[in-house]
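Once you scroll down, you'll see the structures, which are given as structure tokens.
What follows is chain A paired twice: with chain B in the first complex and chain C in the second.
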Partner chain A sequence: MGRFVVRRVLQMVGVMFAVSVLTFLIFNVIPNGDPAVRMAGRQPTETQIEQIRKEWGFDKGVLTQYVTTMEKVFTGDLQSYFTQLDVGEEIVKGLPRTLSLALGAALLWMAVAIAFGLYSAMRAGRFSDRFLTILALVGISMPVFWIGALMNYYLGFKAGLFPNGGYVPLTEDPIDWAYHLILPWTALAILFIGFYSRVLRSNVLDTINEDYVRTARAKGLGERQIMVRHVLRNSMIPIVTLWGLDFGAVMGGGAILTETVFDLQGVGQYAADSVGQLDVPPVLATTMFAAFFIVLLNAVVDILYAYLDPRIRLQ
Partner chain B sequence: MSLAFGFIFVLLVAVCAAAPLWATHVAHTTPTENHLTDMVTIDGERTNVVGLDGVPIGPTYSGEFFLGADRNGRDVMVRLLYGGRNSLMIGVAAAVMTTLLSILLGVLAGYLRGPVDVAIRSLLDVMWSFPVIILGVALGVALALGGFKLGPITISGNSLLIPIFVIGLVYVPYMARPVRGQVLSLREKEFVEAARAQGASPARIMLTEIVPNLLSTILVFFTLLIANAVLLESALSFLGAGVRAPNPSWGTMIDEGIDRIATAPHLTVVPGIMLVMTVLSLNVFGDGVRDALDPRAKVRLEH
Partner chain C sequence: MSDAQLLLEVDDLRVSFATEEGVVKAVDGVTFDLRQGEILAVVGESGCGKSVTAMTLMGLTRSPNAEFEGTATYKGTELIGAPENELRRVRGAEIAMIFQDSMTSLNPVHRIGDQIVEQIQEHEALPDQQARERTIELLDRVGIPRARERVDSYPFEFSGGMRQRVMIALALSCSPSVLIADEPTTALDVTIQAQILERIRDLRDETGAAVILVTHDLGVVADVADRIAVMYSGRIVEQGDLDQIFYDPQHPYTWGLLGSITRVDRPRPERLPAIAGQPPSLAHRPTGCHFRPRCPHEFAECAEVPPLEERSGNGHLDRCWLPVEDKRAKREVAPGEIGLDAKDVPEPAGGVA
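And now, the complex of A and B:
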């Protein structure tokens, strides 16, 4: 097991390195003109461009450029050319917000998806199952930012049931923190609920036909006990790994849309705003940050899976 | 039932394809024409297309401004249809690009194995680690900033090819992996062995034996790909990294609409509904296709 973990961690480092190279290539080497001009964003002045050129080493070779860029990203020596704020600081400020959104939504969608999926499987073929399936399909067809905006407006602004966007730190007031996050959590969760409930449903339906379930029934175990202790537990393994991957993806980029719509000022919104300004340093940093989360969660999920299923370790 | 939804999708496509007809004969305008200072007759009353307080008119359900106007006085219905053309075209083109690339990479990696497989898999791993949205945004921004110049090929930053390229590229790992898995199992089958015994070259085997047997997997993925591509395009356009103004797309329309959701909700609701209908019909249809072809398959695509 230990050897597998080490191997996986090394792989993770390798992928991060490759991601950094890819990010660098995208922003500095794409053949379309002067990278210094591109860095400077929307309305650059001649002195700004010169300054950028020296700072990032565009007058030197590509390798030097890469080293300089990565140095700046990892030592946090990045400053936005648009707002003059330190990029690292902004990311640290935004992190707890993005984390609150992602974690809360992830737990919410898991809980609801399990409930829906299990219920759907138990009533397979009947009306309630079909109804939930349609609901799920509608859920995965809706763009997050659209449903979020509509919810924010109709439930928040007009009906006054929920606050109109914004974020309250957990340390300040836990109740208000949750209150502000209910709509964003729901908006983000809808899509995943749709997907996960269907995956769980199909897994449960597969498991129900297994021999050990038949044995359990023959032994005389109650239906409820069978469902929860045997069927559910075994259907969950692929779900848990998918959950890890999706959580990573949400932290990495899925949160962007929800944060923008609800004005949560998290890392995702920071990335989105910087994109709008064509402001390269923050986009660089947030890209690396996002990729890091995905790679990390991928590795964690792989390790978890290997722990649960020893055959994987031999790959 | 899924066939019905497939039909709905085709209907939507047809309606959007007919956009120019509607624009010229019914609405008498273009998707980018501003009517800021014009007046229009509703219920016998002459009103400003965009009121003095900046609020555009809502749906009139008559020929001109059938679904109202946006803040620049442009006809929403016309933009909706043209935007649909853009969004759908990008979605389908991107899906085609992803499919072709995935087949290429998946078959090469799965059949040739060895160093080719390792190289392709590492590449896919790295792409997979890039979250879909961030990669799309990063590429979209980098390319949009100055367009793309490769020797004689120049694509302006405004071109629709850029979102197609970005979206098409982003989904490759999600499809290439299952394709590769299928190829891995296909190559052990007897008919492949028979072809090899006959002396067929690897290239010939890949083309004539492997690829045709991938078709059911590809077909299922393809419909889901279009659905996700359309959704991704709307997300990218919403963030400003996809279709760029003034070109209409459902994503840009929603983006513009959200600012005015209090005064002119139809600007947000209308393109959103079209989007949901399109993606939903594709999803239901794709589901039906999958059930028909392989009920036990666990097809998974990211969003």
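And now, the complex of A and C:
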């Protein structure tokens, strides 16, 4: 376990270093990317631009610029080029929003997908299974910006059942927090529900024919216990892997569209806005934030995997 | 033997499955009974319906595509049509089963002890600690060394032979009256085979349970069985006690089976002896005696299905129309050796099932 943690931390450092270098370089070669020109406002004089360049260090070499930027990342002094706001503070402000969205949606899609997938598998070939299959395909085919916008318009604006976007902190009012997040959670979860329930259905159908399920039946166990302890437990192993990876991906940018549609002002939306302005410091920080979550969830998945499948604990 | 309590009566059991090639009659009228403390061996080649018969008794062949006829009565309770929740009380507690492939028959993600405890607690209201103690005792009894430590192991930490012992411990955990062992040693190597069979016989002696031993290996049977039922293509073709089957076999198929045993005490044959031809496809069987196309002694009467009857006395049943004296004369191919007369048998139309 100790070696595992050390290896994963080293891996994380490596990935985040690579991601930061790539992001920094990309924004240095993007056309029209010179931050000094963009910061100087409309019709600036050459001296103004030159002054900004000097002040912000844009006149130094790329390597030096990278090093000073990274220093600021770690000391927490990183500032946006355009709003001049502290990047760390913005991310800290956005984090609970993104986390609320991602965690709630992930729990929702997992729970619903297990129910649908299991039910579908147990009724394989019958009408209810076919109906759920079609529903899953519909769910997979609906992009989140479309279904999100529809939900927002019809359920939020027209029917007035839900608030029109926005976010209320959990600590302030838990009920209002959930109330504001129901639509975003659903919109984000639909795609995953479709996908996961299909995967789980086929896993369950594979597992049901295993010899040990026959053994479980021969032991006199009830159908529920057979399904949960013997079938579902084994069918869940690949799903849990997917779930961890997808949760990491949603934290690290997969929620950008949902956050924007519902105006949640989370980290994803912040990243999207910053990219639009070619604002290097926030883009760099949010990209590293994303990489961090993806690597972290990868490690969590490995630990969970070992817990679920004792056969890989030894290696 | 015959005054021991009658546990299981199977009468004209038929099992058919709807498949894409048509209705397959896997079991086509099987009748036998089982008394306390006896070991009944059901012998036959692959696809003869012996495993389906065994699993049907436990209700494990139930599926939307399966159809059942006939009866199987356990201590007065009908098993074939029994509702699932009634059958659950029998499974594991009254009739327990050991499966062929010990490598895959245990759930890989649960500790072996937990898998046994699960069955005990399903049938008896026993606190965790007591169920665990009983599990350790059982593992010890089937010959798992250091059972107290091994109870918390996972199946993948055991060899095939050890896993089969765990399966036996599992099957015995609620002291069942009937133990069905479906080819328990097929997946194991020969030395382990002998140990497992010995274990099963000892446990029968200790507990008085009856055992149905399903196998394709007459060599296995000779060591442990009291009675033998020989199955061919969905039917029992001959049934008798060990001596009757081995020293006075009545059905030409049994002769063939006995003749196919290679023996180390005889000169090595040029070719391994085998029964000519192929078993019939389960979907397209010959009318009358199913063995007819492969039998060198076929005659007019074989077009009728021969009933399973006592033809040679002493409770020895068979399904062959030949007069007993003819059988005894025809089966001897060489002095002291039993086998089917070699005859060129055409491949049955329709090929192999």
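FYI, the second predicted complex is superposed on the first by the 265 of 315 C-alpha atoms of A that agree within 3 Å, B and C clash if a C-alpha of one lies under 4 Å from a C-alpha of the other, contacts with A are read in each partner's own complex, and residues count from 1 in each chain.
The working rule: a residue touches a chain if its C-beta (ideal position, glycine included) is under 8 Å from a C-beta of that chain, and two chains touch if they have at least 3 such contacts.
Remember, it's a predicted structure, so these values are computed and weren't measured experimentally.
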Fit-or-clash call for chain B and chain C when the two complexes are aligned on chain A:
fit
Just chain B (first), just chain C (second), both, or neither: which does A:Val228 touch?
neither
Chain B versus chain C as contact partner of A:Leu10, first or second or both or neither
neither
What is the contact status of A:Arg217 with respect to chain B (first) and chain C (second): first, second, both, or neither?
second
Specify the angle subtended at the CA centre of chain A by the CA centres of chain B and chain C, expressed in degrees to the nearest 10.
90
Greater chain A contact set [chain C / chain B]
B
Closest Cα approach between chain B and chain C after superposing, in Å?
18
Shared contact residues on chain A, chain B side and chain C side combined as an intersection?
none
Which residues of chain A touch chain B in the complex?
15, 18-19, 22-23, 26-27, 30-33, 37-38, 137-138, 140-147, 149-150, 153, 157, 191, 195, 199, 202, 242, 249, 252-254, 256-257, 260-261, 271-272, 275-276, 278, 283, 286-287, 290-291, 294-295, 298
Flag every residue of chain B that touches chain A in the complex, lowest number first.
122, 125-126, 128-134, 137-139, 141-143, 145-150, 227, 231, 234-235, 238-241, 251, 254, 258, 261-262, 265, 268-269, 272, 275-276, 279-280, 283-284, 287, 298, 300, 302-303
Residues of chain C touching chain A in their complex?
58, 60, 84-85, 88-93, 96-97, 99, 101, 104-110, 118-119, 122-123, 154, 156, 167, 170
Given the complex, residues on chain A that touch chain C span 210-212, 214-223, 225, 229-230, 233-234, 237, 308-311
